[in-house]
């Protein structure tokens, strides 16, 4: 059980309801998942976090499914049970197949391994890799 | 300076040279980056790690650029300097633009934040998120 | 269920009882929480860890509530379920309100995000930030 | 050297300058640190991150110095060199003494240790610790 | 419940059965633990991960029990519940006593603490510690 | 450069000198490494940390070299540059060969990978692994 209770729509303040409404219309779903109901205990955090999620996960140069795969990769590395479930479900809704889930987790496992080989041996970065991006 | 010196091609054993050759032909590059030169101090680890990287990062259901973005996301979360540089370079070589790098890091930052909100509040996973994949 | 069973007061050795007694008198509580009962399987670790906790969390330049907030921040970042619950409870006992919990988690989320932006972009530390403390 | 170059005020777009101006007036400083100059390569991320930092680190139930101590605690746990330096400097500017820095790091070290004892022994959370906050 | 269902021997493909058979004969056990049954949803990952585990955890310069202790130390640091249980059990099967478990967790706790003291104070590495290994 | 300057023996207080003397006699070395010199800015932390290190890393059921290998494994997983260097050096002083270093890092890499496979797939722990230790 979470540290604070979920805030249901009917019991929510107008500002919280406005965020809930925007979540449902943006995502084209008819329910609100627990993450937002819990966060609704702190309306400022709810608004700020939802606005960030809407902007960052919205249309851009990286497609929506790839963004969800990246989200799952971070959540697996940090071991966030809630986020693994919620963003795996989101990725499935955007087209992730079981085969893609397997490949995703294989890349995450490999990266976690080689991160430790590079850090463990204290490997020096090749000069060729240090060329900065143009602004 | 790394814990062990890099093994250069000319000083390498035949088995190490074979891996170096395969890295160059698979990646269509004419040089070997430091990761593999350091790992060459342990030929078994070099062979195993390269075989895994070749298989996991090779053709599949997730395209090559997306796999590199996932790799960078994990490396940033773990703070592996070497891997951030090497896989950012690899992603650029596969088409990542500066705008995509910004979006990638924005998703990584958001996920690291919400991972802590979910874990910190001890949020319960919604039942709807728990439906397993078919095998 | 933990890897080892909790040691209850009645079944404890005199050295373990002495630590349990000190925990109760120092904290002015009439019970021993599971952390110490489990650790009592290794009396040397119990004594050392309790002595460290008593010293580090005791009176000093940083007030007791702030120290608990810091403890929760670390525990959330590392995802230690036990420690989040126990130190959130301790913080409440020292005056943390629900509003403070929300602010705490918002700071933790923000820091986890910006840590990855700074590490991900490999940001150079400004010289002005490097001025050391006087001893 | 960072993955992207810092954006200096004179070379910045009007929207970036507006954020830089707000940072300087909010913090009452006459310079912009590297974090924001690098982030300015992605104006949307700059605006969003600064707005979040201004809101989360601004006046509330937890005082400004305590928020900086929490920020440092997270940054040390994650090993973000940039953030340790910048938020240690910020904490000093808000009154953190050397003695407080020592106490802060002692709490962070203790919490990182006991997090692993609790997770390592798979300790069960005491029922008394699970009482949720009122909304 | 896991994201994908476990694959039981009777329902497994010949290639998966071959890995399961090798696990049982290598480990001299008559059952397959859940890790491999879940991984069997991705036969390539199953084969690669088992081959790596067999090679890395097999005979070498570091004895089998010590390798399991190292495995547990990493798993505790990362908070992998499954791996803590499975590798603690493996270590017990190779001779780890309760006293050794306590010492192991005490070292893990100490290292996690001093890692943060070293990173938090930004300690410079002594030159004497930087002497590389001969190849 | 560290956040605080190192305290050299000649400038140290009697209580700090006593710890430095004990470090040198316990370890049979004629110098003090930077970790302790920096920590000497907080004599209470110096004494507490050294006493813990002396006790935890001292004679017990796990031999001294194995304890150093465990220490390195944690430090690599957390990416503590100082601790990787200092405890790799300590391990070498106790007999770790280059081959053992390679095996150690291979186990650390494998464990970091499989930790994410187990957490990522949300694998259920087998009942057989849950049998607790006798006290």
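As written, the chain order gives the labels A, B, C, D, E and F, with residue 1 at the start of each chain.
Please note the rule applied: a residue touches a chain if its C-beta (ideal position, glycine included) is under 8 Å from a C-beta of that chain, and two chains touch if they have at least 3 such contacts.
Note that the structure is a prediction, hence the values are computed from the model and not measured.
The equivalent interface to A-C, defined as the listed pair sharing over half of its contact pairs by residue number with it, is B-F out of D-E, B-F or E-F.
Averaging C-alpha coordinates per chain and comparing to chain F, the farthest chain turns out to be A. For chain B, the chain with the farthest CA centroid is C. Between chain A and chain B the centroid-to-centroid distance comes to 19 Å (mean Cα coordinates, whole Å).
If each chain is reduced to the centroid of its CA atoms, chain C and chain E end up 28 Å from each other.
Shared interface positions of chain A, i.e. residues touching 2 or more other chains, are given as 1-4, 41, 44-45, 49, 52, 56, 77-81, 84-85, 88, 98-99, 101, 105-106, 108-110, 112-115, 117, 119-122, 130, 133, 135. Chain-to-chain contact here is organised exhaustively, every possible pair of chains being in touch. Contact residues on chain F toward chain D in their complex (touch as defined above): 3-4, 41-42, 44-45, 49, 78-80. Across the complex, chain A meets chain F through its residues 72, 76-77, 79, 81, 84-85, 105, 108-110, 112-117, 119-122.
Those residues of chain E that touch chain C in the complex are listed here as 79, 84, 88, 98-99, 101-102, 105-106, 109. On the side of chain C, the complex with chain F involves touching residues 1-5, 7, 41, 44, 48, 51-52, 55-56, 130, 132-133, 135. Across the complex, chain B is touched by residues 1-4, 31, 33-35, 38-39, 45, 49, 52-53, 56-57, 60-62, 66-67, 69-71, 73-75, 77-78, 80-83, 85-89, 92, 97-101, 103-104, 106-108, 110-115, 117-126, 128-131, 133-135 of chain A.
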